[in-house]
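You will see chain A twice below: alongside chain B first, and alongside chain C after that.
And now, the complex of A and B:
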């Protein structure tokens, strides 16, 4: 297996307090990628800010592939187009319609960062970041690509009351726009931030336990559990594994792909090895294992 | 300001908004080439402008040659809207 290095990370995260409090992202886009981009909505802007910040931290080869995930895709433009067609009975505007293909965000990331390789977009409600990480890891290990820009984007679409209802959240749940990215490489051109040791999907807890039993778990490892794992179960895993908890979720407003923040936060705040476990309501699991050199 | 001048001002604002351009609408001249000119608009912008004009003024700019003529500049676009609106009103 080829070792996979984390060359850089980049994020954008903003709690949305009220219906009209969202930050104008145009200037941040221009700052992140060096040029303004027009005819794009907030979802694509968020992708460009996160990916651009990540790309700035390391030399980004032009053959880097893009792996973009999201819990629900570009809700903003989808809602706009559906309102045009269904509510107003008119054809949608062309610039909105073309961006309903959520991979449009990958196109803009590739175009803005002058990338020429493949791009992939996957919508996955519960494991968006983990899924993209796993896909990138497979391609990197097989030599399909040597660099992978991996990220997730989730967008808040005001009014907040409607947004929370759409997401099935309580009326007072804080919500946020977010974009989390990593640059993974098999041959980093500079000192990497860390290594991706594993990213795996498990059909049930038994399969996860079998995988964990094959790992040489060190007592110094930290354990983080994802947003969709019930608290009681997270505590059970913590007791069973006997690992100190790395908490990156407390106080974090809701968005679908909070797992995307785990590795970046760990890189910023800790050294050592992080085991991240998440679970969906159907009882499927995802594990991510990363190491940051001490 | 005459009715046609008001229309031209409104069209400039509409183009800037619909095409997401960071320019002051007042800096667009009435004779300036809209598509493929210094304004940097392309065929996708042309489609967006046609849809916005239909939505705002009820004037449908549909076929290629007609759209090319109408989107030559602000003067041409305003003339098409005025003519089509009058034709519609008289029908």
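And now, the complex of A and C:
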């Protein structure tokens, strides 16, 4: 199995306090990718900022593939065309319609960073980041690609009351725009930040336990649990595994793919091995395992 | 590496419900689309559409679930999967519309009750459709909802094949879905890409595309079971020339075809027949014709299925694969009488009549918005004939 290295990471994260408080992202896009991009919505802007920041931290080969995920997709442009057609009785503007294809964001990432390999957009409601990591890891291991730019994007669409309703959140839940990216490579050109050891799906807790029993867990490992795992269950895993907790969620406003922040936060703050576990309401689990050399 | 077998298909299109009905319909020439009333606020516009056979548009929500469930049941039952195999398989969905037909219907209904109603308050994730299907069919494996425009379900198939080949999954269910919705109809109408005629790809009389509905499913695995089809390989590459059109010089299309051939360890000259993407837009036709010229010194037999199905966008990857393979399995290569019949302005001549086709290796190409280009290569060993 080819080792997979984390060459760089890039993030954008901004709590949205009120209906009109969202940051103008144009300058951040230009700063991240070196050139302004016109006539794109916030979802695409967020993708460009996160991916651009990640790409700047390492040499990005032109054959790097793009793996963009999201828990919802581009809510902003979808809501815009729904208002236009259903409420206002106006056909969608051509550019708005073209940008309803969800891979518009991954296209702009590939175009802006001058990439020529595959560019994919995949949605997964509860495991957006984990899903993209799995797909990229498999392609890297099989030699389909040698570099993979992997990320997730979540966009807040005001008014905030409506946004919270769409996401099924309580009326006072803080929310955020977010974009989290990693550059994974099988042959890094400079000293890597860490290694991706595993990214796996488990049909139930029993299957996860079987996998865990095959791992050589030691005191250097830390455990993080994802946003969709109930608190009580997270505590049970912590007790069962006896690992120190790595907390990256406390105080973090809501967005769907918070798991995307876990690895980047660990790379910045810790050494050792991070085991990240998440579960969805149907009892399926995802595990991510990352090592940072001491 | 183990072979990836296309164990079974399910298909529901404008041609019919079920594989047999779809293949039987290829014996007639492509039929013109019907006009469908597309809601636009309190008004409506008439737009040509190939809607599903035997599924009237009167209950958008019910027909959506029924059609989708129907093709999945067809594929799963033909594959003979056990309960345990179903529970553990992965679900790979490819679509352009996702839940859009349901979202539009709910919003329209909510606006009738209150002018303050908001869209997407009951469901707002492109991943929810996969979760509903998982719940309905008891699938606990991973789910991946591909939204890469017209290549979505073809890309979903490639990812599923990689997972199965690597031993991560024993089986995968790959589903393509594209159902009637106003955003797609009005969006393409606004781009002035829709024709009221039969689609005529590579024909100098081309006048555009017709949106089509399709639900399609394929079960894949490493065991042959009752199938004689294998997926030899494929490739997906991003063409950053333009978000809405691939490079007309054919270089990007040639690159993805070449990569698919290399990964499948197949020479261009071994391809017995090729299914074109064929959207009947000049830009796509030019790029596709130019791409083929770069790869094939001698063109194989070529056919196009959108004159029969319409453009089923994100579903066309699996829908056209299911129809093509099922026709070839019965010894026939689909033909489109009178379309690109030898006087093509792009020097592409489509197969004209439903003719005998022996087993062999075949290529299926798909190119979409967002610069997503995909090429699949499949093989039929001819061991079984339905």
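Keep this in mind: the second predicted complex is superposed on the first by the 294 of 294 C-alpha atoms of A that agree within 3 Å, B and C clash if a C-alpha of one lies under 4 Å from a C-alpha of the other, contacts with A are read in each partner's own complex, and residues count from 1 in each chain.
By definition in this document, a residue touches a chain if its C-beta (ideal position, glycine included) is under 8 Å from a C-beta of that chain, and two chains touch if they have at least 3 such contacts.
Computed from a prediction, not measured in an experiment: that's the story for all the values here.
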Fit or clash between chain C and chain B when superposed on chain A: fit
First (chain B), second (chain C), both or neither touched by A:36: first
First (chain B), second (chain C), both or neither touched by A:94: both
Which superposed partner A:8 touches (first chain B, second chain C, both, neither): neither
Touching partner for A:204 - first (chain B), second (chain C), both, neither: second
Chain B or chain C, by number of chain A residues touched: C
Partner chain in contact with A:278 - chain B first, chain C second, else both or neither: neither
First, second, both or neither for A:146, with chain B first and chain C second: neither
Chain C versus chain B - closest C-alpha approach in the superposed model, Å: 7
Overlapping contact positions on chain A, where the chain C interface meets the chain B interface: 90-91, 93-94, 98
Residues on chain B engaged by chain A in the complex (per definition of touch): 18-22, 44-45, 47-48, 51-52, 55
Interfacial residue positions of chain C with respect to chain A in the complex: 39-43, 45, 87-88, 96, 98, 103-104, 107-108, 111, 118-121, 124-128, 130-131, 134-135, 140-149, 155, 159, 162-163, 165-166, 168, 182-183, 186-191, 235-238, 240, 243-244, 263, 368-372
For the chain A and chain B complex, residues of the former touching the latter: 26, 36, 38-40, 90-91, 93-95, 98
Touching residues (chain side chain A, partner chain C) in the complex: 66, 70-73, 75, 78-79, 81-83, 85-94, 97-98, 100-104, 106-108, 110-111, 114-128, 131, 134-135, 138-139, 141-142, 144, 162, 165-167, 201, 203-204, 256, 282-284
